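One structure follows; several queries about it will come next.
Chain naming follows the written order as A, B, C, D, E and F, and within any one chain the residues start at number 1.
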Amino acid sequence: MEAIQTLIDSTGLVHFSLGQIIMMLVGVLLLFLAIAKGFEPLLLVPIGFGAILTNVPLAGMGEPGGVLYLFYDMGITSGLFPLLIFLGVGALTDFSALIANPRMLFLGAAAQFGIFATLLGAIALNWVPGLSFTMKEASAIAIIGGADGPTAIFLASRLAPDLLGAIAVAAYSYMALVPLIQPPIMRALTTPAERKIQMTQLRVVSKREKIVFPLLLLVLTILLLPTATPLIGMFCLGNLMKECGVVDRLSKTAQNELINIVTIFLGLAVGSRLSADKFLTTQTLGILMLGMVAFAIGTAAGVLMAKFMNKVSKQSINPLIGSAGVSAVPMAARVSNKLGLEADPHNFLLMHAMGPNVAGVIGSAVAAGILLALVG
Amino acid sequence: MVADLLFEAAGLMLIGMVSVFTFLFLLVVLLQLMSKTIQRYFPVKQTEKSSHVSTTAAGGVSPTIIAAISAAVHQYRQKQ
Amino acid sequence: MEAIQTLIDSTGLVHFSLGQIIMMLVGVLLLFLAIAKGFEPLLLVPIGFGAILTNVPLAGMGEPGGVLYLFYDMGITSGLFPLLIFLGVGALTDFSALIANPRMLFLGAAAQFGIFATLLGAIALNWVPGLSFTMKEASAIAIIGGADGPTAIFLASRLAPDLLGAIAVAAYSYMALVPLIQPPIMRALTTPAERKIQMTQLRVVSKREKIVFPLLLLVLTILLLPTATPLIGMFCLGNLMKECGVVDRLSKTAQNELINIVTIFLGLAVGSRLSADKFLTTQTLGILMLGMVAFAIGTAAGVLMAKFMNKVSKQSINPLIGSAGVSAVPMAARVSNKLGLEADPHNFLLMHAMGPNVAGVIGSAVAAGILLALVG
Amino acid sequence: MEAIQTLIDSTGLVHFSLGQIIMMLVGVLLLFLAIAKGFEPLLLVPIGFGAILTNVPLAGMGEPGGVLYLFYDMGITSGLFPLLIFLGVGALTDFSALIANPRMLFLGAAAQFGIFATLLGAIALNWVPGLSFTMKEASAIAIIGGADGPTAIFLASRLAPDLLGAIAVAAYSYMALVPLIQPPIMRALTTPAERKIQMTQLRVVSKREKIVFPLLLLVLTILLLPTATPLIGMFCLGNLMKECGVVDRLSKTAQNELINIVTIFLGLAVGSRLSADKFLTTQTLGILMLGMVAFAIGTAAGVLMAKFMNKVSKQSINPLIGSAGVSAVPMAARVSNKLGLEADPHNFLLMHAMGPNVAGVIGSAVAAGILLALVG
Amino acid sequence: MVADLLFEAAGLMLIGMVSVFTFLFLLVVLLQLMSKTIQRYFPVKQTEKSSHVSTTAAGGVSPTIIAAISAAVHQYRQKQ
Amino acid sequence: MVADLLFEAAGLMLIGMVSVFTFLFLLVVLLQLMSKTIQRYFPVKQTEKSSHVSTTAAGGVSPTIIAAISAAVHQYRQKQ
């Protein structure tokens, strides 16, 4: 009968392409890493699930009219979702450690070398036959070195939307792998004696300083780097709402329900870019490789900067906290703390590493603004 | 061709890192200035702090909850 | 004066049509049923209120530019709202009872006979002068028999948007009426001895099984019935978020704030389809009648299937749990439990009825996928 | 080098116009008032921040493609955000005091004289050279006298979108200034003896009355003033959800997460209208002046009406509660209470003032409906 | 010109205030009617009220929480 | 005409019910397979379960809350 034929035609079985099957397995892998290994589950669960859904033949969930496409169009093309995530992250971030010791910002600056070195590397890959990246694409890839998911998604959506899926997956995967990637580099670049350096306790920061900080950061951004205003502006608004103490109900919502809803939608939207035709390219291999390089260089630059600062400054600085400058909040700071405890069981570096850690968030948003200004 | 791009990328790297450092250096200066100004004109009273410490001693339970529980315990005893 | 005339012209008084008054009374009736009788209030309060608002002359709330139209366009035309409800329902559903006793799925399958029999009935109504249903419309009406609100709204928005209001109202009303519709049918088809059958306690289901279940269901859907992927996919994502244990903050938001916000908007959007010109047709009468028939047939099919399974299987099955296969979670399961207790005060069927109950959700989503594939 | 030139060109420094600097200072002023003085912080923090962001040169956050523009387009052009705020406010409002003493509605009516007198004033300002307001603009400005933020934003978005920024800022600023604006007027118009008048305790209102009230208000609005249906309808839906007791989870979400999310977005969208070209006009000065006049006249009309009612009615009415009729919930009611306590430390007027206070919300929504009907 | 507009605005003021008062007057009448009807046919029982009062006596803590705390206190004592 | 549609609808009914049953039958088979596999390779330990039971004995109050309350009670007594 005709209807039976229609029904058989409408099963997925006869329509799968090899690429779709591979991409669904990639989705399953991301789910496995998220659930069994605890790798950035808040993002990788929706991304992995979105990767599966977008590759279902005939369902068209990632094509115009499909719900994943709707999320992408509503929130990523417009830049809305990463900015709302930044609002929430701002409302969740405590800058006390940075305000108490502002020089930690230099560590957040140094770690951005991972970004710009990777930019060079991505362009160099044009020598490899079959690989080709434009300056915009190279910049979007380089931002993976910023170790900051929403910044990477925001910049990729502006400069290289076709690579967004691979870039977002690389960024979140390597952020999750920070506890594996960073320690060998940190150990190689420091001596046991350096790792034992204890740091003086941070002073108490007043409420007033915490309120003024986001405004100060905003003013500087507006004056020097207006292209970074969307990212840093929403971040500062979130932080101001948290610290000012008069809009707690807004701050709580930005930290919880709003960021949660947007995270689900953003993850599915990113997942929808993991379709076979967009992801299964030689470029993706290049991106994954460059992302790893970016993290490694950023980590090394942070540690070396910390060593340098330890030499020239009066107050001693443990070089282990330099690696936290890549951001990847709060994992990178925890890695610094762990290696500090390994060297000396009484050496708690967590609070000290939070300074460079949040400085790294600012640093990579600044780097994104510079790339937007020069390449965008 | 690639060499040209590489040269351009190297320029970007240089300008980029200089810009990042300049931006964050200015932020360091401003932050230190801000903290000094605030600490001079609006010195923090330490009283707030100490109350926090005593709260922590009670295992992270807020004074309000303790008051509520105290009332409840009181009521509970009267019932018996 | 001219302004006075303008003001009088702008009162509702002189612009009401009889149809609008009737539809506003329908809205009031829905509110009464929801508030005084407790009939599915979460949906019927916004639907009833939306029905009143959309029929206000001159306000144009249901027309382009009006806020109800905006909700409809944003969330129903695109399919977004029912899919988000399914995400939340997935995050609220516990499949333990079904995993412990998978054969309960057959009861969920049998109850879908209500859907397909109603399809036949809707087409047969073409014999009645003045009534005419196309195959697409008949399919959209038939899904009322699935006893699942979001599935009905999703399918109706795809196959017969003009009938969406009547179909949604019928679906939610009869779901609320399950405690009245089902018992007589269940009593008629079972003997007192059958109603006293006690069932063995369900085994404990491991966390791992609960995590794998939504993925298994997703894979089967993708392979066999890709047209059902949007509905079942979002449902499985919600359930995976709930069970995997690593994204609890997302799962909680999907279960609470997100589903609540969407429920308000969805209800108002559905209510906006209860305008006089769309609702006051002979078709609506046909739909209300067919919906009742669909529920009755689905209930009967479930009970008969349970009787059959009780005969052929080693483990005894109380036929009363068959009716829960229509879904209408958790009301149908409670009805089974109540009739079980009537027959024997120690016969608690609730947990056993939850298996067919959630199976019914899957069954009607599968039936929706089949209708979309064959008729859509 | 070329890139350096590009970078310098892309700093904000060389692109600022004087107007943008002034408007950013206005934004900072709003933040200061909100945070340091506690003036309506829930709205003025996002509005002030939005004012800063929209005036950043090169960032284009308030122009098409920018995120602030997106909020404006999504929620204010469509009217969605003020209506959702009204839904939440309805779910937060307790009408007990009004139901117990319905004549308080006359105070809410009298206070709307502030609106219509200001309309006359705005038109009279056309005599001032350089100032010119159309009837639509005058109506949108007049609604500031309603002392109700979302109503003002809704009406302004319909009648005079270009003035929306100034109108919203004036409305919220004067609402925050109620404790400064009202007391001198109230003291001037009442004698110490009148201020000492004690009022009889309000009767207990049953749940049933609270449920019927929003429906009654809705019916009257539909019959007499359909143009006010969007505002009053959403308000009544929120109140019905609160009182009916069967949809508590929806009501809680409307009162908290939904209204919080919308408040952030609405504030930013309003802030985006504080761009130099829209705000720095002589019209803005006129609007700020007229807004102050509107509040003063509304307060006086409310107090005089209360004095009149005290004379003609059997039950004594303290004239101090008349000023609460402007709405500005709950601040105006608190001001009445404070002045009552000043006159007699045992004279608690808060509960009595809540009646005219919520009546003022209804009154200004009704006035908005009348203006829409006659001028819109 | 302005005078014409002013005249129109004065008309709006008159009609507007009359309409607002008419509307709210009708609402007053309907409200009183509604309250009387409901009080006649569905008189309120005062029992609910009194339970609320006793709750407030316990410092705003709900009976459920008190019950939970009582159980906890009981358990705590048994442990010692 | 209607008869044709009816015939088509009957076909849909047949194919539909067969499909639904096939789908759910396959799901049953897969589920049983899955449960057996998991039970063999990852047997459940019963310890988790029992701890839940003891919690319920305390009236549905979580151990954390009980600990907090115990601390509060302790503090309350010391104050007196």
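Heads up, the rule we're going with is that a contact is a pair of C-beta atoms (placed from the backbone, for glycine too) under 8 Å apart; a residue touches a chain by one contact, two chains touch by 3 or more.
Given the structure is predicted, the values throughout are model-derived calculations rather than measurements.
More C-beta pairs in contact connect the chains of A-B than those of the other pair, out of A-F and A-B.
Among the remaining chains, C is positioned farthest from subunit B, on the basis of C-alpha centroids. A centroid comparison over C-alpha atoms places D as the chain most distant from subunit F.
Centre-to-centre separation of subunit D and subunit E, using mean CA positions: 21 Å. Centres computed as Cα averages put subunit C at a distance of 41 Å from subunit D. Between the CA-based centres of subunit B and subunit D the separation comes to 35 Å, rounded to the whole angstrom.
Of all residues in subunit C, those touching 2 or more other chains are 3, 7, 224-225, 257, 370, 374, listed in ascending order.
Chain contacts: subunit E has residues 8, 12, 15, 19, 69, 73 touching two or more partner chains.
In the complex of the two chains, the subunit A residues touching subunit D come out as 78-80, 83, 87, 211, 215, 218, 222-227, 229-230, 233-234, 237, 240-241, 244-247, 249-250, 252-254, 257-258, 370, 373-374. Put simply, subunit D touches subunit A in their complex at residues 3, 6-7, 10-13, 15, 24, 28, 31, 34-35, 38, 41-42, 45-46, 49, 52-53, 56-59, 61, 65-67, 70, 256-257, 260-261, 263-264. Of all residues in subunit F, those touching subunit C in their complex are 1-2, 5-6, 8-10, 12-13, 15-17, 19-28, 30-32, 34-35, 38-39, 42, 44, 49. Only residues 98-99, 102-103, 105-106, 108-109, 112-113, 115-117, 119-120, 122-124, 126-127, 135, 138-139, 204-206, 208-209, 212-213, 216-217, 220, 224-225, 359, 362-363, 366-367, 370-371, 374-375 of subunit D touch subunit E when the two sit together in their complex. Across the complex, subunit B is touched by residues 1, 3-4, 7 of subunit D.
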